[in-house]
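Reviewing the structure listed below.
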Amino acid sequence: MQIDVTKLQDWVVLRIGEARLDAHNSNELKDTIQKHLDKGDTRLVIDLSQVRFIDSSGLGALLSGYKNANLHQGKMVLAQLQPRVESMFELTRLNRVFDIFPAVEDVVHGGDA
Amino acid sequence: MQIDVTKLQDWVVLRIGEARLDAHNSNELKDTIQKHLDKGDTRLVIDLSQVRFIDSSGLGALLSGYKNANLHQGKMVLAQLQPRVESMFELTRLNRVFDIFPAVEDVVHGGDA
Amino acid sequence: MTAPDDIQVDIIVPNQTRYLSLIGNIGEAIAKELDRYQGDRETLAYHLNLVLTEAMTNAIRHAHHQDASKTVRVRIHIDQDELCIEVYDQGQGFDLEDQSLPAPDTPVEHGRGLFLIRTLMDEVEYHRGEHANVLIMRKKLS
Amino acid sequence: MTAPDDIQVDIIVPNQTRYLSLIGNIGEAIAKELDRYQGDRETLAYHLNLVLTEAMTNAIRHAHHQDASKTVRVRIHIDQDELCIEVYDQGQGFDLEDQSLPAPDTPVEHGRGLFLIRTLMDEVEYHRGEHANVLIMRKKLS
């Protein structure tokens, strides 16, 4: 699974470089997030701009990351969702759980709100 | 079938607005070219930039246009082929029959060569 | 019975999640060419991709327990006004009516697959059979 | 016989050229996921799209004479080292060996379909049967 890691101020940005986030690669995403949290990257942005498809396993992996970040006294937020991907968060009401930002840059200004 | 018609100097440019040129729409292309020739547009450029797939019926329709243009003492040339479409002309050796230009603008400068 | 206007696609793939995208993409290809559908075909394409992915994932994980010697069969049948997807498994079977959605305020990681399938399709059934079980999902096209 | 690693897709569509793109797109979807293929998958995708389109066009036109009450059946089967495409027709049949390519210097408009199929696939056969004829096209994957 292709994931690009960059820093933006005190946030670590994980850019998912896959068109699909499904049961085939969601465990890998979960593990990657876990590893970042374990080594102290506790403020994470997941950049979903390249993801055009997400299934319930993909949503589950993100939820796992979100909960683990909280356990680490950290924060995990989502940015740049494509409209159809965003609609999956609405359908499952997970948009009420996650903080979702239009752009990665918006996180820096509003991520602590 | 979507075909945009524009003029470039003394050439009429037919831009095929379809991703596929196959047995389903090749007759329509053939008829469109014939109509232009009949009404006196005898210098035609077929802009294939939007076409990502061509089959033998699509090649046949272009060949028909080419021959009809000659019968009308005119000229029909091709421009802006995508690499995989161009490879179909090479495979069938029809690249030896057609004049093929990288860009529509090149026709104006070299179309009479 | 199939009429001359019907489209039928019958697929058998290995019991592996790597083939989810293949099944999903075939579903998208079908949706995008479905000129008999009244609604937005791009949205239909996403939804078919999703329900195929969810149902096949369940067959691989819950029915076949990742067993690499198994296969998953998927049938897609389209007639004039209905699209029907069948996903077969050779597992122990389960009771569709017993599955409930996780409450939104306790964000558990699993249990949204069947909810999505039920939300996006018009009718969902699960039948246990002697040789195979089948999840049947239908959607009206008009 | 199918092994657990095989992929099998069996499609039936109306005898209409509007479904060429559906068949072609399914072929592309399969090629793009074919991780067992050694060569360039994007090129393979175009080639499968093309041979499926050519063979199905021939079934619709030359065998079924555009008869809307007919259907076309296409089977795609992939095992460890070979991809096999079968396109069925219920026409009068023809002799594959009798078909010759038009000379390149007399640019006739027809007769390139089988040439393209033969060029892009490794083995091509046509069998007449009692209920249906079948064009079989094989390609080595490794």
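In this document, chain identifiers A, B, C and D correspond to the written order of the chains, with residue numbering beginning at 1 in each.
The rule is short, and it goes like this: contacts are C-beta pairs under 8 Å (C-beta built on N, C-alpha and C of every residue); 3 or more make two chains touch, one makes a residue touch a chain.
The shown structure was predicted, so the numbers you read here are calculated from the model rather than taken from an experiment.
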Can you list every chain that touches chain B and also touches chain C?
-> D
In whole angstrom, how far does the Cα centroid of chain A sit from the Cα centroid of chain C?
-> 26
Distance-wise, how many Å sit between the C-alpha centres of chain A and chain B, to the nearest whole number?
-> 48
So, in whole Å, the Cα centroid of chain A is separated from that of chain D by 43
Chain C residues touching 2+ other chains are 18, 21
So the touching chain pairs work out to A-C, B-D, C-D
Sort out for me which residues of chain C touch chain D in the complex.
-> 2, 4-15, 18-19, 21-22, 25-26, 28-30, 32-33, 35, 68-71
Would you tell me which residues of chain A are touching chain C in their complex?
-> 20, 22-24, 53, 55-57, 59-61, 63-64, 66-67, 84, 88, 91-94, 96-97
Complex contacts: residues of chain C adjacent to chain A = 17-18, 20-21, 24, 43, 46, 49-50, 53-54, 57, 60-61, 104, 107-113, 115-116, 119
